[in-house]
Structures are given as C-alpha cells and as structure tokens.
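Here you go, one structure.
Labels for the chains are A, B, C and D, by order of writing; each one numbers its residues from 1.
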Amino acid sequence: MNIGFLGLGQMGEPLAANLVKAGHHLTVWNRTASKAAPLVKQGAKLANDIADAARNEIVCTMLADDSALQHILDDGLLDALPRNGIHLSFSSISVAMAEKLKKLHHDRGQHLVSAPVFGRPEAAAAAKLWVVVAGHPPVVAKIRPLLDAVSGNQVVDIGPDPVQANITKISGNFLIASALEAMGEAVALVRRYGVDPVQFIDFLTSTLFAAPVYKNYGAKIARNEYEPVGFRAPLGLKDMRQTIAAGEAKTIPLPMASLLHTQMLTAIAHYGVDADWSVIAKLAGDHGGTK
Amino acid sequence: MNIGFLGLGQMGEPLAANLVKAGHHLTVWNRTASKAAPLVKQGAKLANDIADAARNEIVCTMLADDSALQHILDDGLLDALPRNGIHLSFSSISVAMAEKLKKLHHDRGQHLVSAPVFGRPEAAAAAKLWVVVAGHPPVVAKIRPLLDAVSGNQVVDIGPDPVQANITKISGNFLIASALEAMGEAVALVRRYGVDPVQFIDFLTSTLFAAPVYKNYGAKIARNEYEPVGFRAPLGLKDMRQTIAAGEAKTIPLPMASLLHTQMLTAIAHYGVDADWSVIAKLAGDHGGTK
Amino acid sequence: MNIGFLGLGQMGEPLAANLVKAGHHLTVWNRTASKAAPLVKQGAKLANDIADAARNEIVCTMLADDSALQHILDDGLLDALPRNGIHLSFSSISVAMAEKLKKLHHDRGQHLVSAPVFGRPEAAAAAKLWVVVAGHPPVVAKIRPLLDAVSGNQVVDIGPDPVQANITKISGNFLIASALEAMGEAVALVRRYGVDPVQFIDFLTSTLFAAPVYKNYGAKIARNEYEPVGFRAPLGLKDMRQTIAAGEAKTIPLPMASLLHTQMLTAIAHYGVDADWSVIAKLAGDHGGTK
Amino acid sequence: MNIGFLGLGQMGEPLAANLVKAGHHLTVWNRTASKAAPLVKQGAKLANDIADAARNEIVCTMLADDSALQHILDDGLLDALPRNGIHLSFSSISVAMAEKLKKLHHDRGQHLVSAPVFGRPEAAAAAKLWVVVAGHPPVVAKIRPLLDAVSGNQVVDIGPDPVQANITKISGNFLIASALEAMGEAVALVRRYGVDPVQFIDFLTSTLFAAPVYKNYGAKIARNEYEPVGFRAPLGLKDMRQTIAAGEAKTIPLPMASLLHTQMLTAIAHYGVDADWSVIAKLAGDHGGTK
C-alpha cells in the first residue's frame, strides 16, 4: 500500500520502520526532517511537505499531543488527503480532539481510524506493541495488515467509533499511573519498617500482581531507579489531564485520576520535566520521614 | 504438634481444618462455640475456655481486628501460654497492635510469629493461601510445617521482626484496594463512551494487567456484579485505616491510601456494611452522569 | 463616554444598567437580542451586530466563559475595535484565554483591561460588587470611572498585567469553594452528633469566621437550603478547572483545587446542572450514614 | 470555689491563672511540677499528687491529647474525684475519648462537662478565649462562672451532651486547617503570576473573607512567615485524625479532612515537628515550579 507517515519521534520512527519492513511504500515527514534519514535509507521516500505525505490513500500520524496534531491538520493534511482517504491516527490524543477530528474528516468524505498503542519504544522497535483500534469496520479491515505489522498481531478491535480506541488508551494509561503511585506508597511504607522492597515486590509480582506493569515498573521502584527514561512525566501529566477531561465531559467524577494529576505535577516540580513518569512513585519515600 | 487455635470465622475455620488434616492435634476455641462443631467432628478438641486452648506450645489466632485480639489476650491467652510458647498470629492487625503484642510476649519469655495470609475463603479451604511470615528465624523454622499445610507451600519469609509481616499484609491489601478503585473509575469511563467493559477488561488483563487481582476483580467490576461477598467493606475500611496509621507512625504521607479510605467509607454509606469491599469500584459509575 | 457592551446575562445586564445610570452612552448587544429591551428603555442603543457595539473607544464584555468570549472576538470585536480602543473585560475567563486576548489586542494596537467582579446578581444590581482591575496604568485610569459606577467605588488595582486580575478572581473563587466544602463537611459532622447546625454556624461566624462568605453561605448550609440559585454549579466547575489549569501552567500542584473539582462534578451528577454551586456542601451529609 | 487544676502547659497555665485572679482557690498539679511555681506565687496551692488535686468538688483538666488525659485518669483522678464531683475538661480530645470519659464518670456518680477553647496562648493570657461548653444544664450552670472568668464571657452552650462540645471544637479546628491550606494554594498561585500576595490577602480579608482566621493567618502566609509557633503541626495532625475518626464513627466520608491529614503529615516531613501548623500553607509554594 502507498502510505504517508507523519511524526517520526521515539514511537513514530519504529512504527514507520516496521511498515517499511512489511513491504509498504512509505512517504515520511517529520517537523525535523533529519530524523527521517534512517527510514529513507531503508527505502522510504522523504515528503516535500505535509501535503505530499498526506496525498495517499492512507496517512498515518504519530504525534505528541493534540496541539502537534492540530498543526499537521492545519498545515495541509486535511486538504491533501483524498476523498475516501483513511487517516490512521496512532497518537494518544484527547477524546475532545478525537471527536473534532472525526467530524473534520467526515465533512470531507474521509475516514478516521484511531489506533493508539501500548508499549515503550523498545516494544515498538520489536513490533511487540499492543494496538487498540476503533473505526468503521470495512475501513478497519483495510488497514488491519498495517496494525498487524507493527504489533506482531496483538490487535484488539474495541468498537466502530474511533473515539472508543482513544478512551481505551486514556483509561489504560490512567490504570498504569495508578499502579505506579500505589507501588510507590507501598514500597515507601514497607521500606521504613525494614522490609526489603525488592523482596516485597518479588513476592507480590509472583502472586497477586503477576503482570507486566507491576513486574517491570515494580522492579525499578523497589530499586529506586528511574532511568532510562521511556515516557516523560509531562506526557503522563497530559494523560491524567485527558482522563479528567474525558470524565468531566460525561459528568463522571474520577477522584483517583485527580489525585494522580496532582502527584504527576508534584513529581515534575521535584524531579524535572525530563524524568520518567514512573518517578511519581518516588514521592512518598522522598517526602516521608521527619527531619 | 499440640496446637491451640482461637478464632473460627470465615478464614479461621478452613485454616484450622487444614492443620487437622495435616495430622496436628488441635484444641479449638471460638467466641460462638457452635462454630467449632465441624472441626470437632474432624478430630479437633473443643477448648473449655481461652486459657485451655492457649495452654499449648503453639497457639494460633485468626481474629477480625485489633480489638478482638485484645479481648483474647486479656481473657487468658497471655497468662496461659507457657514460657517459650509460640503465638502464631494469622490476623490482619495494625502495626501498633503487632508492636504491642511483640512486647507483651517478650516480657513473658514467649515468642510471636506473624503470618498474615492473602486469599479469600475459597483459597483458604483449598489450602492455596499465600502466607507472609516474619519472626525470630529458629522459631519460624519450628512453625514452618504449619504454614506449609495451610498454603500448599506458598510461604514467603519477609524478615526477623514479626511486624514486617504485618506491614507487608497491610501494604498488599492497600495495593489491591487501589486496583479496585482504579478499575472502577476506568470502567465507568469507557462504558460511558460506548466501549464494552468486559472487552476492555479482557484486553487489559490479557496484556499489561495479566494478574489474578485484575482478572478476578476486573471480571466482576466489568459485569457490575459484586456478589458473593468474600471480604466485607468494613474490613477493607479497617485496612485503609491501618495503612494510614502505619504511614503516620513513620511520618509518611500516603495520599492514595487516604483517598481509598474516603472511598471505602462512601461505599459503606451507599451500599451498606454487608457489601463486598470491591464495591468501591461501583461508585464512579453510580455517581457519574447528569440527572 | 461612548461604550459598547456585549453580554447581557444575569451579571452583564445590571452592570450595563449601572453604566447607563451613571450617564454613559451605551450601545448594547446580546446573543439573544430580546434581553436588551429593558436597557434600551433606560436609554441604551441596541447594536445591529457585534461590530456595531465594538466600534467604540471602549468596549465592555461580560460573558459566561472562554468559549463565549472567543465567539465574540471571532464574530467582529477584534476587527471593529479601533486602534487605541480599550477592551474592558469583566468576564471570569481562564489565564490562558486572558494571555491570548492580551496578545490579540496588543498585535492590533488595542488595549486590554481585565476587571472581573466578585458578588452575586443582587450585588451587581445594587452596584455593590467588588472589582479587581489590572492593566496598563494610564488605560486603567481612563476606565476607572466605569468601575466606580458598577461597584460603589469598591475597586482594587492589582497590577499592570491584565492576567493578574484574572488570576486573582480565579483564586478568590477557589477560596470560596473551599469554604463551601469545609462548611459542608463540618456541618454534616456536628449534626450527626446532635449539635444544632444553625447554632454551630452562628457561633463560628460571630467569632473566628465572622466574614460574609461564611455568614451568607453558612446560614444556607446549616438550614440545608440551596435556593435561590445565584451561581450555577457548572460555572463553579469551570472555576475549579481554571484554577487547576492556572496551577499546571506554572507547575504548581493544588491538591485542594483538585478535590473541589471532583466534588463539584459529583454535586452536578447528584443535584443537576441547575443547582447552585454551594450544593457541594450537601454531599457530606447526603453520603453519610450507614443504610 | 475549691478547684483542682491539672495540666499547666501553654494553655493550661493562663487558664489557671485567670481562675486564681477571679478569686477561686486552686490546687494545681503538673507532670513537671516546676511549671506550677508562678501560680503558687499568685496564691494557688501545689498538689502533692493527682489525687490531691482531684479531691475537690470541681477538677479542671487541660492536657495535650487523649493519652495524656488517660494517664491522669488512671493515676488517681477517677478514684479521687468525689461522688457528684464535676470534671471540667478543657482538653481537645477525640469523641471516642469523650464518650469513654462520660461513661467512666457516670459509672461513679460524677459529672463531666466538656469545655474546649478556641484561641492561641496570647488569647488565653488575656482571658479572651472562645469557650464551647456542653453538659447537663444544672451542672453547666454551676461551673459557668469559671468559663466566664477565662473567656471574658465569650461562652457558647452547644448542648446537653459533653461530646457535643468536643465535636464542635474538632470541627472548628478542621475549618481553620481548611482555610490555611486554601490560602496557601491561592497565595502560591497568585504570587507566581506576579500578584503581590500581601495585597491579595488584604483585598480578600477586607471584603469576602474579613474574619480573624483569614486576617491573622493570611498576613503570615502572604509574608511567608511562620513564626512564632503558637500551635505545633503534630497537634494539627492530631486534630485532622480526630476529625476523620469522628466521621468514620458515623460513616461520614470527609474528603477534605483526609486531604488535610495528608498535607499536615507532608508538612511535618518537610518542616519538622516543631513548626507551626499553619506551615501546611507553605507546601504549595515550595513544591511548585519546575526545577
């Protein structure tokens, strides 16, 4: 298939690379064009501008947030994508943005498929992401091979409305953040009573909490090691803001999401904007104890 | 071994039954004596009073809370347990109570081993509990066969100080409660956007959250089914209170534990004292939505 | 002075009426034009459209939120206001919107003065509002008579940057909301212990808390009476959202503002979008007590 | 009247001094006897022991917390106070302790009157405290002159059950703490936007929040000055714990009280056990801002 791909950051680049590997013809674009070099070496074509990439039957986007996506739309994507063209949106955007995007495409006779992904950059490189997809079924069927290529077939179809994939991604990230904060508080507590946090996490993650999120992050939290950075705290803050906004739009109070928003902001104030979002787990231990 | 066993409730009865099955001689006692009948049928001896049960080289207790244990202590256990006798405490008590208990036994030349358990009544009956044990190593070694008998060898030794087992249990229950609340909020959110909660939970619990706590409780939350009751909400409230108190004693603020305390109390106000503690997951959905 | 006035709602109408009373020539505009009738009777001129009202040396706006103001800007205000014209903004808008507005006017050689007001509709009618003003000093000096006319001279100048008036208004409303929630929890508590809430509030508001906010709202909360509606809960929710966003923009975690956002949302879910915002004080009592 | 007085700390000493000034015969006792010297100089008699002070028709107590009061009870007060004797309890104790105390006295044919006070040590010295009293009316009538002497007649009778005075005191302190936190967040916010916090607080406390709590504490918070210490943070933490416990006993969730408990604990972790409780207002500013 002839595919445009916009957004070659930490996640976008490996996604695009896996599509090239699967034999697709990619025209790639990135705000900082130099990042496209490795992909061009692998056979992708460098787009002259946004419209050049978007002038395909399928255009994929993987951007940092609502605002970055808005710029791409305004700077040519919407006008260049042909009628009946498909916008395959991988970005973690808000439900408000997804609703707006859906309408914009619909008004132009274009299609939107939302397919946000779960997994860190290493998983993207290994084509082992989990993908949640939502959209009009025949359109989803058409782009399905692309999703399989980036995920090793780990795709779940969550409904006919693109927004359903976005709310699933948002809720999933909220669940991960809640696990981070909970482990942080628990580890701070047991450590102060002389329990070895590594043994504590080992016990729980080989029994009740034997799941990747708890194992991977738990090991770091128990060792008080928060590097390398895979997902920056400001992105985690954005996720919590999106969770709260999605609840507010439906009048659903989400007290834990609000707490996590406060914690994420406190963590950024303490550890800086370049820390991994898991650093919220550091707060309970660093704050605790009388001086 | 000759063993006294006090407290034959939902958890104590199956624990005692498994010790009898393993060939130990049990003298059992319960505030409501009639509950001892099945055990007596299985070969246990009915104690005349607390002292009668406690007058053994090992006395096990499984009681609902600090106050129930305090009554047992005052009404004969402390005086009847011989010098060098071992108190094997299965109850989920506060760290303040555990500290006090440790001192009381120490002053009398007796030993305390804390061995709280994770698992619901069905797991207790099947001898599939997870046991966390802490105490003086040679004493723990002596009672170890008892722990293996009730757990199918799922025992983790967490340290030499009994209190370390209690704080581990408290922190573990806090982690479970945090998962309940987080799932409740996430499910309320995705449901309102038209996502099937069962599919949402299935996806997450076969990927990032593939762990017993999320699978078992998640299935109930997705189906909005909170029965049968395995662990009542007021016991969950007690756990959150114990978590906060344990943090306070070491000047560790635990914002998520405080939030869960509020949620557990709200759930009791809404759904009653006989609801399962997982009912906190019902709040977000029941509160949400404009009337 | 020749003044345009846009937005004749519950607060805008009495503001405009007091400017007419003070002898100013007003050209008024409202989305629903019929609301202008009483003002026209008092001598105001009805504008043909937004541009018609904005084509004055001073244009005042009093709109419900960011989005309503944005529409006014887009539909003619920005283009019609002359170079060196003054936009006197009474609305309670976000700091992000205020920053944006400042830049838009600056780019066109126009001036922005922010002058949000404290007080309910009755106070507006009686010209007894408190006004907080911020802007370039000579410009503020010029519009100062207008502020005196609507407030009975209760004006405080808070700084040279318009945004400073907006953050003051936002923080003031946050303080009021915190007092509402605190009184609600306290009253629910003492009532359950048999203390007469009216006597409780009387005592506190004649001693430590002898201030209008506590006296006026406290009397309602103690009597469990939340009507008439002076300020609707969704506007209170907007204020809490603006508070949190203002903090987030400067990386300041505001845990109490986050809590109040959750409570306001819960109150809307329980009591509806037409309830007065003080209804958050009803939650603690309505939720409390075992069934 | 012949009166015993136990507890001569920062608050107890000036209370006792004012009773002596009013012409009463005091027998005073303090754990550290040397603190009684100034009172003895003023005419009070030094008690030999607790029983010696309690062997009067009226015994007053002013102690730091439940545990200090419990020691006094156990060490002689209960046994020494005559049948029909009155225990006038000024201490800020929990409702659970007040309930227990009521029963203990009732069982001995003694009377309990609760009369906790509002005000800092300077107000106590000036006989300008506010006193909330509750108890059996004829008994309250009898001790009323004592309350007038310590308060300059600022006494409010809140009900016939002593516990009602305690819950009023607890709720009042909760309200003060909520005002501290709210002002702290608001001041941190406006300061970061360039508003002068002193001017901000001046404006609010001469209008909507013109009350002693906001004026006195607000001035300190705006100036970021938290000395001298009038009421230590651990006592504030105790108050929040008592508020939450009082709510829990009646199944009333108090989310703001829980938040304040977390904040008070965080403040102690940051600023130490000797800081004034108002230091919770410092957190938002100290945490805020990206490094």
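Note that a residue touches a chain if its C-beta (ideal position, glycine included) is under 8 Å from a C-beta of that chain, and two chains touch if they have at least 3 such contacts.
The shown structure was predicted, so the numbers you read here are calculated from the model rather than taken from an experiment.
Undergrad: In terms of C-beta pairs in contact, which of B-C and C-D ranks higher?
TA: So, comparing the two chain pairs, more contacts are at C-D.
Undergrad: Which chain has its C-alpha centroid farthest away from the centroid of subunit B?
TA: It is C.
Undergrad: Using the average of all C-alpha atoms in each chain as its centre, how far is it in Å between subunit C and subunit D?
TA: About 38 Å, centre to centre.
Undergrad: Using mean CA coordinates as chain centres, what's the gap between subunit B and subunit C in Å?
TA: About 52 Å, centre to centre.
Undergrad: Tell me, which residues of subunit A touch at least two other chains?
TA: In subunit A, 247, 251-255, 259, 262-263, 266, 268-269, 287-290 touch at least two other chains.
Undergrad: Which residues of subunit A touch subunit C once you look at their complex with the stated criterion?
TA: Residues 237, 241, 244, 247-248, 251-255, 258-259, 261-263, 265-266, 268-269 of subunit A touch subunit C in their complex.
Undergrad: Help me check something: in the complex, which residues belonging to subunit D touch subunit C?
TA: Checking each residue of subunit D against subunit C gives 95, 118, 130, 132, 154, 156, 158-159, 161, 163-164, 167-168, 170-172, 174-176, 178-179, 181-183, 185-186, 188-190, 192-196, 199-200, 203-205, 207-214, 243, 246-247, 250-257, 259, 262-263, 284-285, 287-290.
Undergrad: Would you mind writing out the residues of subunit C in touch with subunit B in their complex?
TA: 255, 266, 268-273, 287-291
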